[in-house]
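Take a look at the structures below.
Paired with subunit B in one complex and with subunit C in the other, subunit A is shared by the two complexes that follow.
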Partner chain A sequence: MAFAEQSKSNLPAGKLSKASVMSFLSAQGILIFFLVGMFVFSFFSEQFLSQSNIMTVVRQASIIGIIAVGVTVVIIGGNLDLSVGSMLSFSTVLVVDLHDKVGPTTAILMMFALTLMLGAVNGILIGFLRLNSLIVTLAMLSAIQGFVLIYSGGQNVDIANQDGTWFAFFGRGYLGGIAVPILLFGLLAILVQVVMSYTGYGRRIFAVGGNPMAAVYSGIRKNWCVFSTYLISAFCVACAALVLGSRVMGSQNNVGQGYELLVLAGIILGGTSLLGGAGSIWKTVIGVLILGFIQNGLLLMGYPYYIQWIVTWVIIILAVWLDLANKRKRLLTTHS
Partner chain B sequence: MFKKTTLAASIIMMSITTAQAEGPYRIGITQNNVGVDSYQTTYESAFEAAAEEAGNVDIVVLDAGGDVARQIGQMQDLIQQQVDAIIIWPTNGQAVIPAIRQAHQAGIPVVVTNSKIAEAGLEFIAAFSGPDNVQQGIASAEMMCDALGGEGQIVQIAGQPGYTTAMERATGFEVRLAEACPGVELLETQPGNWNRERAQRVMEDFLTKYDRIDGVYSGDDNMGVGALNAAKGADRADEIIFIGATNFAVGYDAIERGEYYGSIYQSPVDDAEAALQTALDVLAGEEVPKMNFFETPKITAENLSEFDRPVF
Partner chain C sequence: MTSLKGFFRGRTAIQPIWVFVLVIFIFFSFMSEYFLSFGNISNILVQTSTIGLIALGMTLVMINGNIDLSVGATLGLAASLAVGLQETSMTLAILAALGSGVLLGAINGLIVWKTGVNAFIVTLGAMLGIRGLIFLYTGEQSFYALNFAFSDFGTSTIGPFPVLAIIFLICTLIMHLVLTRTGHGRNTYAVGGNPEASIDAGIRLGRHMMINFIIVGFFAALAGVMLASQMGAATPNLGRDYELWVITAVVLGGTKLTGGYGSIVGTLGGVLAIGILRNGMNLMQVPAFYVLVILGAILISVLVIDKKLNAPSAKEVRI
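Take a look at the complex of A and B:
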């Protein structure tokens, strides 16, 4: 947690009073929750904290994580992106289908270009036409799924020669003993966090999300900022599609269905405000990992994995509640 | 959006068929969710081809898009149009029964295709035509038993929870395995939702959890290949027997490479042709049994060459 949090406590710092401990606990609540949760799970399953299991979980979570990095930027900029689920289906089907037709390099380039185009459409509609992002991306969610079905004609796509292509590198490869999806996830998270924290561009996105009016009056080109966040989001989806397509070596045409909600769940769990102007990539990374470890932990304990939906719900409500309680300095509402 | 296009297309097709309703029979079909998977997509084109071939049939093709309410509406539309017979691929084995009863009361014979409806609805249908999923589960259990020589520990990756096909295959498999192969222990079952990536993740977790896995039974080959991917990633594919159902092209290829032991060959073309034939038999006034199962044989490396590579 080397990077500055955007929301700071207004209590005097320095003294280790009860209040400051409390505020530390609630500000870092999600991290503490994560560590406690890992500890509890490790009692029920001896493999849970094994190195190979941790690697497995992080690798599984990296697809959602990569997308969540991009969507966090959109949310910090004060908008939403629900279209990422269908966009993931689109990009995965495209890259897998084109792989055997035009070769991996061209397939990857074309997939990135077309995915960025979809992001640009979102960006133009929301950034320049200033349409509501919830409605635009919800509509894009179904429109893109339609494109995928028309493109694939409802057929699954597969890569014929699974063992003889370097395309396998992105989903199945290892570099220095670490799985490539994890490396990609880590690199993207660090890169985007650095951009958001240390560059003028990052500060402009925070400004636009926090107070759009003030941002415009300070000379920030808000339209371009919003537009660019959707390009970042689409770029992340394209990276995730690369990992997913390479990992599975094939694609169903609805493979990304529901991912938009998992991504949002990870982001909300991390504590990034849906109102914009606050949040951090680190928190999102932790949120996504919590989701991954819950799913894996429940399965290792022998529960059907859909129990995680219920558990996730409970945790999200708790996270939102604690966040709010922290802001108003009490657990229940201030007004009856 | 695609669903709307198919719907629009089917409306156009409907008007064409009404315009030239000279053939002796008009058969309406309401399908589950065309376009969502390769099996259903192939089924639809095979059904249209079979009707073309039969010559004396006009078809009204509708697609419920997986939506029960829409399917009930489509049933009512078909009743209004007074088609001669209705073929339904139920979106839900329970909720469509009232609509089937309406058709029955209107004197229109209903043939249920591919997935069964609940017991309570059987009296209203003329016949069921489709694969015997319980039998498929039984056949897979026998293959597993043979492959393991009657001993070992295995895991199961089942289809979508609540989906009849998934439950019937799992039941057939579990019951037959316990009975015919007491030496093989089923360690755990988890749903893979007919989704390869999902199945891959489940298998990765299984591989972490169990140091020894001798076999995997998957509810279809799409998931089975996901499990195979996971085992390959963990360098444990050689020690595991993979058995699936509904042979997919990827599964067929994996059997050919010797990585996958076997599956159940179920052709959407046979499925569609059997449904149309059953409806035609009913309309011709023949004695048709209530349950009509088309052949779904075992497929392994030994008899692979007898089968065409699946188109999906």
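Take a look at the complex of A and C:
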């Protein structure tokens, strides 16, 4: 993907022909869809495009978005991570429960350490033992949920003194008029995007995901690369848990259930291929925001919340289908 | 004797999971005095019949090289239809429930066939969407079966044998025969093992995929009707996370996600392993959450053992 873009930019800048407009439209389909959708929703509801509404949507989407940033890296590396939902439950329960026992700073540090440890287990099993990522993370999904229930004894946890702790900053605070979850989401997305597209490390991840065999033969330590993607994913989950725990100031022991699939839905909507070796963080951010705005827009138009799921179903399939048809056409034209 | 041997021949070589089933069976027989009784064994079969039925269909889909994540939602929709439409007519309700499963399976299959979109993505979308359809139909309400004939069916027995367990075992036998004795079964292996070669051999790839999606949809709906009759009710959230249990059972049974390899006999072992483990640990009064951890550990161990037993191949596992 990255190479294709590079070779395209080397071409002389021609005049804006009809064909180039069409190819731009089809390449940026999801972005255009996003803008058209925003327009339609704003037509039906006056509040939709208000600043406060947009901020609310982005803030709600930020938890899924933060996790999706990490999972995108895993997917670019050619693997999957289904364990993020349970891991989110684990980290949130842990940080909330430890907050009253050992204080916020220690609680956050311990939570990050333990979440990264879970990520490392995933990474060792998939990176070094080379097991199938779908099944390993499926097994971890179940095992981690079990750990959470054993740890909490099936009880929900909460923070006793909710007003007197600076822990509230991550979920409820504002910095320069922007909510902290949004800032965290934006910061992580930019950081990871820069790492993925401008560093050697990012290039190696793309190489490993695109063609593992070729990557190994070119001297890339594939096992370490795969291992590291799971650490990134776990780190993002820990950040999301920080926001979620601080926002709710308590946690059910299955709070993250189903997140893994919503995260995947956002990534797929953005247009990142599950085959690995292609994709970008920007696309994922747009995909997650589309999910958020569909939900919000349909609610503002007066539909019940479950209608968004049906709409998402249709959109996911249409988006991926158009993307595929588009790529196929491009392949045919380059060959002929 | 030769015919019996032939019955188990070929791809149905003894799966390691059956050794495990045997070990935990003996273990729990010693650990709990209640485990080894006719009542408890048939109880295990009834409890696992729901996951087991879906796992039968999932085995075919996974041998075909696809996956279906929407089975939990399909189960929920069928259960709601079966209970919700009872007031008009019992037959109609059950037909509508089973029909919904077939229809949703056909839709999934048709999309995978005609668009070429990865089955993982198609059924992930369907999982969300079908759950939306359930909420739309039920209006977020739980339904209760007022027709006692329906709820009695779930607990009825033929002689000493519970009906639900018999249905499950008969379906297992049928699917085993379909997979080992019919052209469709053979082509299912072929398509999963090497799609390009099977196209060259003149196999109609898409049709076999679609038939397998219809089969898994039907079994998910059947499991939904059976679960609803066991509970005498249907909730909109019924079947959530079932897809994960089903995939766990099928993978435990030795079916490969890459396609082209697997068997119903193995799947039956995987389903029984989960059922016996849950039941036995309940009897030993181990809290239910430990089962989750143990299942995860077993699933990973199966993968590790499988990796060690089979020499590493050049073919990388891809979704």
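The rule is short, and it goes like this: the second predicted complex is superposed on the first by the 311 of 336 C-alpha atoms of A that agree within 3 Å, B and C clash if a C-alpha of one lies under 4 Å from a C-alpha of the other, contacts with A are read in each partner's own complex, and residues count from 1 in each chain.
One rule holds for everything that comes next: a contact is a pair of C-beta atoms (placed from the backbone, for glycine too) under 8 Å apart; a residue touches a chain by one contact, two chains touch by 3 or more.
All values derive from a computational prediction rather than experimental measurement.
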item: Fit-or-clash call for subunit B and subunit C when the two complexes are aligned on subunit A; value: clash
item: First (subunit B), second (subunit C), both or neither touched by A:Val136; value: second
item: Which superposed partner A:Val248 touches (first subunit B, second subunit C, both, neither); value: first
item: Which of subunit B and subunit C A:Leu274 touches, first, second, both or neither; value: second
item: Contacts of A:Gln308 with subunit B and subunit C, given as first, second, both or neither; value: second
item: Which of subunit B and subunit C A:Arg172 touches, first, second, both or neither; value: first
item: Touching partner for A:Pro212 - first (subunit B), second (subunit C), both, neither; value: second
item: Touched partner set for A:Trp321, first subunit B, second subunit C, both or neither; value: second
item: Subunit B versus subunit C as contact partner of A:Leu264, first or second or both or neither; value: second
item: Partner contacting more residues of subunit A (subunit B vs subunit C); value: C
item: Partner chain(s) touched by A:Val74 [first = subunit B, second = subunit C, both, neither]; value: neither
item: Superposition clash, subunit B versus subunit C, among 41-49, 95-103, 131-139 or 275-283; value: 95-103
item: Residues on subunit A lying within both footprints (that of subunit B and that of subunit C); value: 142-143, 145-147, 149-150, 154, 304, 306
item: Complex contacts: residues of subunit A adjacent to subunit C; value: 78, 80, 125, 129-136, 138-147, 149-150, 154, 212-213, 257-258, 261, 264-265, 268, 274-275, 304, 306-310, 312-314, 316-317, 320-321, 324
item: Subunit B-facing residues of subunit A, complex; value: 45, 47, 50, 52-53, 56, 60, 142-143, 145-147, 149-150, 153-156, 158, 160, 172, 244, 247-250, 252-255, 296, 299-300, 302, 304-306
item: Contacting residues of subunit C [partner subunit A, same complex]; value: 69, 111, 115-118, 120-122, 124-133, 135-136, 140, 240-241, 244, 247-248, 251, 257, 287-297, 299-300, 303-304, 307, 312, 314, 316-319
item: Parts of subunit B lying in touch with subunit A, wherever the complex brings them together; value: 1-2, 5, 34-38, 40-42, 161, 188, 190-191, 195-197, 200-202, 204-205, 208-209, 222, 225-226, 229, 233, 248-250, 253, 312
